[in-house]
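The structure appears below as structure tokens.
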Amino acid sequence: MNPPVIALLTDFGLRDSYAGVMKGVILGRCPQARVVDVCHGIPPQDVRAAALCLRQSAPFFPEGTLFVVVVDPGVGSVRRVLWAKTRRHSFLAPDNGVLSWMADAPVAYRSVENPSLRLKPASRTFHGRDLFAPAAAALASGVSPAILGPAVAPRAHLKFPALKKLPGGRRRGDILATDHFGNAVTAIPAAAARGRKIFFRGRALGPVRGHYAQVRAGEPLALIGSSGFLELSVREGSFAHDFNAAPGDYAELS
Amino acid sequence: MNPPVIALLTDFGLRDSYAGVMKGVILGRCPQARVVDVCHGIPPQDVRAAALCLRQSAPFFPEGTLFVVVVDPGVGSVRRVLWAKTRRHSFLAPDNGVLSWMADAPVAYRSVENPSLRLKPASRTFHGRDLFAPAAAALASGVSPAILGPAVAPRAHLKFPALKKLPGGRRRGDILATDHFGNAVTAIPAAAARGRKIFFRGRALGPVRGHYAQVRAGEPLALIGSSGFLELSVREGSFAHDFNAAPGDYAELS
Amino acid sequence: MNPPVIALLTDFGLRDSYAGVMKGVILGRCPQARVVDVCHGIPPQDVRAAALCLRQSAPFFPEGTLFVVVVDPGVGSVRRVLWAKTRRHSFLAPDNGVLSWMADAPVAYRSVENPSLRLKPASRTFHGRDLFAPAAAALASGVSPAILGPAVAPRAHLKFPALKKLPGGRRRGDILATDHFGNAVTAIPAAAARGRKIFFRGRALGPVRGHYAQVRAGEPLALIGSSGFLELSVREGSFAHDFNAAPGDYAELS
């Protein structure tokens, strides 16, 4: 049998040892686990960015992967920690809506409450280490999810931003995130964008392109990104930088 | 038996291949090793930050973990490389005091001198690759520490910053580091802080709080961080940014 | 037999899940693979920086390592993807010259064309996930390179910058990259630099030094870096910062 894969998605960054310490805890309790970093670069406490990242990345991980999602503005307060299960994967995450945008929606949830699964003493500020990591190690070691706590329904849900009709017939969709290359990922699905002309702050970006090489280096364009949403880009450049674009901005469709 | 865990702690950053090359050397000589990143984000040549990071992270790694610590302003000069052993872990590190702050102090040291354990030719600037990595691989493969070199006492020791009494009865403690979230970690242990009021540059931050949600978003607070020291934070914000706080600053206790 | 090592070298950064998703795809198709990060910090689309990084790092990885190099300004256009083989390693990389600078030059190339090895549907913008990762997993699982596509000769070649003679007898060599510590790596090999005096923008940096401790903290120096090229550094500081040095600049030799 293949070793269990534990995939970490956090806003911890890589400047400190937070992600490393989680791995230390997991390996101490489940030495056979394969621990993989999905990403630790979620902007601090940005639950929407984490929800988008999970939607984009989870489908590409092996069946049986346990995702540990620690983007958790409510750490130490009364927010719950959830275990969730989809057809192919399982998840540990705060009950803050971060699991809301996955194409493969969870079919079961539990509230992670069992105090025997926590490090002792547990801190109030680093549940990734004291609560998520030991629970993940227990699950990867074969402990039944029923041990974690009772079946529940999630309390928090993040609404995916809908397209909005504008006077004159255009529609607009939010920019959800920008990436390392300066691409701006919108909430506009491919099906809504195809055949349309794209605008940003009144500037025409032309039709939806097939790939970057269809415009000249340094020119902006719009194309369907690798996660199936419309993205605004600059060929061999940064749309985020050149247009000062960020979440809160939006793209318009003809 | 579980495969040996080798945990890397450096100031190499992740922009270059320095950390990756260390892993290449280790895997070539000890394919069964589990190589884990504690952190590569120590500020360049900041031995104090590395000492603090090691204190915070080492206790959470499995028994038998070999830590390889390469924060080494003296690389290429005459500084020694040490092997050290605590009750649960072992370490390879420059003899520059970086092992001084661990709660579980080393009980044995050796000077790593055996030239047969180095890559040839060895550079004068990348001992992580040419000296630390092959020595780590040898140890993880079962080579006796006695092969490394003679038992020694460490030359360098870092003094942990003591609290300082101020006129009027207050005490102050250094800020040792800031983290990715902008939390400022002080050298004030929990036992000294509890029951006190906290101040920063004359501004009252209130009593020591239990968790972030006890103040409003954007407000500063002081709490006991996950490593047992007083930390200054801003809820859903950055204390380091908002107060321009950095190592060299200090917090005051009533 | 040791598990196959797959070493990733990209310009994806670690802010997003791009590198993590590649690992997910690989582990889903070749669970026994050891996936190691060489580096994801190549400046976006900087093929020269990637070629230099590969030259510096590949020799230190185990025999049999498969490098997956995704620094790919032409993604989605007609550029080919190559498989290449040297005496000790194999490679998947765009046909853009990124393999040109390795000391151990490839002895065989194939064009990666077999559509059955791609994820379906494949995007036009994320070939790391949809094409490189599944091809790497197939190779690591024992699929013959002949399945990938026909033997070819590479189309693109990057010329390594030669030293240039200056009026008055000096020679100059390009700065190829700067690193995390602010060292400026030049294209001047050790053999050409030894015994010379080094200058940068007219400022004398002295002879080639053996190690940093030969100058005072904060002072600039030149030495042979860990990859065998002349580097410009500041002891316990950053040459790149202090001298505003970057690729495009050059060092001069007496």
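Should a chain be cited, it is by its letter among A, B and C, assigned in written order, with residues numbered from 1 in that chain.
Basically, contacts are C-beta pairs under 8 Å (C-beta built on N, C-alpha and C of every residue); 3 or more make two chains touch, one makes a residue touch a chain.
Predicted, not measured: the structure shown is a model, and the values here were computed from it.
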Should the pattern of chain-chain touching be classed as line, ring, star, complete or other? complete
Between chain A and chain B, two copies of one chain sequence, what rotation angle (nearest 5 degrees) aligns their Cα atoms? 120
Using mean C-alpha positions as chain centres, tell me how far chain A is from chain C in Å, no decimals. 30
Identify all positions of chain C at which a residue touches two or more other chains, and write them in rising order. 14
In the complex of these two chains, what residues of chain B are touching chain A? 2-3, 5, 7, 9, 14, 34, 36-41, 53, 56-57, 60-63, 65, 179-181, 210-213, 223-226, 231, 236, 238
Once bound in the complex, which stretches of chain C touch chain A? 12-21, 23-25, 27-28, 31, 35, 44-45, 73-77, 123-126, 129-130
